[in-house]
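Below you'll find the structures, each written out as structure tokens.
Paired with chain B in one complex and with chain C in the other, chain A is shared by the two complexes that follow.
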Partner chain A sequence: MEAGQTYLDEMLFAVLPYIALALFFLVSIQRYRAQRFTYSSLSSQFLENQRHFWALVPFHYGILTVLTGHVIGLLIPRQVLAFNGVPLRLYILEGTALVFGLLTVVGLVAILVRRWVFVKARTVTSPSDWVLYGLLLVQAVSGVYIAVIHPWGSSWFAAAASPYLWSIARLNPEINYVVALPWAVQLHIVNAFVVIGFFPFTRLVHILVIPNQYLWRRTQVVRWNWSPHSRRLPR
Partner chain B sequence: MQVRSQISMVFHLDKCIGCHTCSIACKNIWTDRSGTEYMWWNNVETKPGTGYPAQWEDQDKFAGGWEKKGDEISLRSTDKKRIVPNIFHNPHMPSMDDYYEPWTYDYQNLFNAPEGPDQPTARPISRVTGEYIDIESGPNWDDDLGGSKIYAANDPNLKGLSPDQRQQLSAIERLVFFYFPRICNHCLNPACVASCPSGALYKRGEDGIVLIDQKRCRAWRSCVAACPYKKTYYNWHTGKSEKCILCFPRLETGQAPACFHSCVGRIRYLGVLLYDAEKIEHIAKLPDSELVEGHRSMILDPNDPEVIESAKKCGIHDAVIDSAQKSPVYKFVKEWKVALPPHIEYRTLPMLFYVPPMSPVMSQQNGDTVDHLNNGFFHDIESSRVPMKFLANLFGAGHESKVAYALKKQKAVRWYRRAMTVGDIDMATAHKMLQAADCSVEEAEALYRLTSLCTFDDRFVIPPAQREEAIEMMKDPHEHRQSVGFGFSSGSRRGL
Partner chain C sequence: MNDVTSLERIQSWVESEGWAAILAALLLVVVGVSPARAESPEDFFRQNCASCHTIGGGRLVGPDLKNVGQRQEGEWLVGFILNPQARINSGDPYAQQLLDEARGVVMPTVPGISRARAEALLTMIAEQSAMERSEFAGSKISDRPFTEDDVRMGREIFIGRNRLAAGGPACASCHTVNGLGGLSGGRLGPDLTKVYERIGSRPALAAWLQGPATTTMRPVFAGHPLSDDEILSLVAFFENAARAADDDSTVPLLNFFLMGLLGTALALAILDGIWRRRFRAVRRPLVDAS
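Up next is the complex of A and B:
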């Protein structure tokens, strides 16, 4: 252990990620095999259709854009840094990210309020949903807080977070990248791993079964109980 | 020619007495679970009326079915192009308010209420939230024209009726209505199947029953929006959509579906139709005026040697072909042409057909007397109390000729039987009417027998499903020896 690192740091940044990832993969696969019936998000639009649009749409578009930004920063940090070399581009990127981050927070708060205020929607909200919404709210609010208080994240992500995350992927966590970061950023990272670990136990699994094949499958689906070709063949 | 077989249905509306026995039979078997209380896979509507869910026929509101644009057709709701931006919020999804909030009553209060000056009451309790509610609507809220100023007056099928005709429908002492029982139509071009992002909905190849794979359904609810008949329902408790399964577990064991079996008025017929699956796409794209005829032309003659040969090539079992030859549905739909598909303009090619109902004659014409034979035999059909245009909107894509044909034939058969049994009309007139209605004497007899004297076996000609054969073809039964079968439940433990 290097100077300035505590056991807590070690646990949070070097051990927790692996627990989270292990849970994510093992439980996701096991749940898909054993409980495929539950592998979706329990929609409540049928029970409450007035506020649904104003909650779900901002949240999803917000979080999808922000997540995509994180992934790009992780995959091509150098290119992002180079792109940010021109200040105007940096401002536009950061501004966009902040807008979508705020959209996420607004959508999430709207989801929470809707789920609580409309009794029918509350009926179909499980304890794991409430925990999940709490975690996501912490994640989104800390993200927006970081974007405002510690700006130019799109650049320092490449210098600090990206190498750390890659070191986790290489099974050799280098936590010195993150122990010196401000508390909000650390919270954001730790909470992210908590969400990843909790993911397969929640409605979030619907992300893993996005029906992309719809876009190229045939319009009509017919299933046969017998093969029409072998039906009349002598046996 | 790609021959497929379809278990198909005819509802003889002239016989429906609106008793809802079918609905109850269905509900008791299939939809008494949590999350399904509001569902009526089988329901009986009063027409004119707004139905269930309210105004389901108004596709400007619900965007169900297919839409013809130029030479192509596309889903009105979320087709492939529109599903991506709309995936987080289904724009055409009906909500529970469009159906009704299911409830029970606080019966315990009748026993537990403290002594007081008033009788205790059993207040309604929501079956969703468990809280007290004020009931605002329910299944068959507009039964028998209840609240007709709101409900019957807003029937989407009144489109194209003159103000006079509308008024006549609700004029006091001339009120008229008929019943319209509905189940899933098990369409040939089902919009629900086409819309499902997960590919969970499918049509069974061998009998054409449209089903939802509960393990693949991921609660996108596209089918609910896409079905123009609103016959797929979202189970809010399991997060899966559900629909009429035509009681396939009963069909596979040779029994009629529950709603059919229990039908008091004996209005229901069930049998196999053979059709040419290659034509589906072409027929679904025909102009409105040709849809009824086109749909009928897909149905193949099961006695035609060529059809039989093709059917065998396509793997259809001899027993199914035999069953198709005895099918009462084939007779009503294709031979006699008196049964018509509902709202074929939605282009899903429904395989449930309705014999349009006769209605009382309008006595307005000659003061207070009804003159039967003054201008032609069928004058009272054109001016019956239910305007022809209304029936045409329901069963003829707005075109009256097919409905008129079906009604004339029914009326001719009635008069033919009246001449025979009552004798107040001479037989020559009856024969003239039959001729004018394109109906031979033999046909009239057969139509009369299948309408009025039908036995259980006449009405339901169920082909042997041969599931055992199908299963053996796909799976080796020996593999499953000493196991606990295959199904939903996870495997048993501790050597059971």
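Up next is the complex of A and C:
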């Protein structure tokens, strides 16, 4: 260990990522093999769907867009930096990212409120769900905080975070990139690895088994065998 | 067929000893993490010290280190190098004098420093001090007067419109300067409006830019050093910026956040519009009937 880096830094930025990744891969595979029928996100939309809309839709569009942005910064950092060389492009990119980050937070808060207030939804919420929602809320709120207080993340992610993450992939973590960053950024990084490690123990595994073929399979016709105007199910 | 049976054996082992297998793999991964590197004292000095110190080239942010070993005892110097802040806090009068001469800029603890390295550095500095002209005797940056073109070029480099030749990221990724316009520059690192005054002089700022030595900037620029021309333009830009008027730097932040909130409200309205028929059809009757 080099001076200027504490033991804690080493643990959080050089060891935790590997524990998280190992848990992610090994437990995901093990759970798929041993408990295949738990491999989903238990739906609660049939319990009610008014509040559910404001939770489900903003959250998923928000998080998917923001995650994609992180992956792009990781894969083509030099191109992102070149793109950001024109201030207007940078501002539009950052503004868009902030909007989708805020959508994620709105969705998460709506999820938490609905799961807590609506008793039927609360009943089907497991302890692992609550922990996960807490972690995701920390992640989304810290992300928005960073976007506003420490701009411009799309540029400095490409410059400093991307090489750090690649150094982890090369099995030679260079934690100097991150040990002196502001606390919110460090929290965001550490919490991200916690989420990755916790991933296979949660409903997040549905990400690995999304029925993508729904996007191109033939539509299914649903027919009711009673008058749709009566709005009543046969008892 | 042999393959299948051995695969099955592994599968059944993982099933019966699943957690043991995971723990064993985890241990392997954790034990495998151990970086190590070796560097000559000269390279180390160039990367970590030359941004603030010369050997025989006069004062930059920090003092000229020529014959430093004759001004102070070796053991004191090693202690100071290992943890400058602690030595200053201890009330040591010589450390206080150094701090005053550096106009309050505290020398950072250098990443990767160790007792052995500090001693090797002092030996190297003594050798270089004995030379007629040390290889660390100062920057090669021109001292011609700055022109408006220099300032304009520096601004383009700062923003990133003019890309750094060696591929380093633009300053505005992490730093801002008053009067940049728009939503201003980044705020991961410090505001650089007054950096020219803080660092104190053209050669000092130029030397600093030759090898930025903070913990975060060092690795980012290690493989992408700035050229002498780029440094000259940037120093001109910073010298100009330090004379700019003060303005409230929180305004762009607030504007950015408000734009984000507005955009989010708009996005929610759009989503609501797209799915406005969402409560009809299949689910609603089911929910109502439950």
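Note that in this section the second predicted complex is superposed on the first by the 212 of 235 C-alpha atoms of A that agree within 3 Å, B and C clash if a C-alpha of one lies under 4 Å from a C-alpha of the other, contacts with A are read in each partner's own complex, and residues count from 1 in each chain.
Keep in mind that, in the parts below, a contact is a pair of C-beta atoms (placed from the backbone, for glycine too) under 8 Å apart; a residue touches a chain by one contact, two chains touch by 3 or more.
Given the structure is predicted, the values throughout are model-derived calculations rather than measurements.
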Problem - Contacts of A:Val57 with chain B and chain C, given as first, second, both or neither - result: both
Exercise for the section: Would you sort A:Ala169 into first (chain B), second (chain C), both or neither based on which partner it touches? Expected result: neither
Practice task
Determine, for the superposed model, which of the two partners chain B and chain C contacts more residues of chain A.
Solution key: C
Practice task
Look at A:Met11 in the shared chain and tell me whether it touches chain B only, chain C only, both, or neither; answer first, second, both or neither.
Solution key: neither
Exercise for the section: Check the residue A:Arg36 against both partner chains and state whether it touches chain B (first), chain C (second), both, or neither. Expected result: first
Exercise for the section: Answer with first, second, both or neither: which of chain B and chain C does A:Asn84 touch in the superposed model? Expected result: second
Problem - Which superposed partner A:Asn49 touches (first chain B, second chain C, both, neither) - result: both
Practice task
Could you tell me if A:Ile92 is touching chain B, chain C, both of them or neither one (first, second, both, neither)?
Solution key: neither
Problem - First (chain B), second (chain C), both or neither touched by A:Val221 - result: first
Exercise for the section: Check the residue A:Val124 against both partner chains and state whether it touches chain B (first), chain C (second), both, or neither. Expected result: first
Exercise for the section: Under the contact definition given at the top, report the residues of chain A touching chain B in one complex and chain C in the other. Expected result: 34, 45-49, 53, 57, 61, 222, 228, 231-232
Practice task
Please give the residue numbers of chain A that touch chain C in the complex, ascending.
Solution key: 2-5, 14-15, 18-19, 21-23, 26-27, 30, 33-34, 45-50, 53-54, 57-58, 61, 78, 81-82, 84-88, 90-91, 94-96, 98-103, 106, 147-153, 155-156, 158-160, 163, 171-174, 176-182, 185, 222, 228, 231-233
Handout entry: Parts of chain C lying in touch with chain A, wherever the complex brings them together
Key = 11, 14-15, 18, 21-22, 25-26, 29-30, 32-33, 35, 82, 109-114, 159-161, 163, 167-170, 172-174, 181-183, 185-188, 214-216, 218-220, 253, 256-257, 259-261, 263-264, 267-268, 271, 275, 278-279, 282-290
Handout entry: Contact set on chain B toward chain A in their complex
Key = 80, 83-84, 88-90, 93-97, 128-131, 189-190, 193-194, 196-199, 201-206, 214-215, 217-221, 224, 234, 236-240, 280, 312, 314-315, 317, 467, 469-471, 473-474, 488, 490
Exercise for the section: Report the residues of chain A in contact with chain B in the complex, numbered from low to high. Expected result: 34, 36-37, 39-49, 52-53, 56-57, 60-61, 119-120, 122-124, 206, 209, 211, 213-215, 217, 219-232
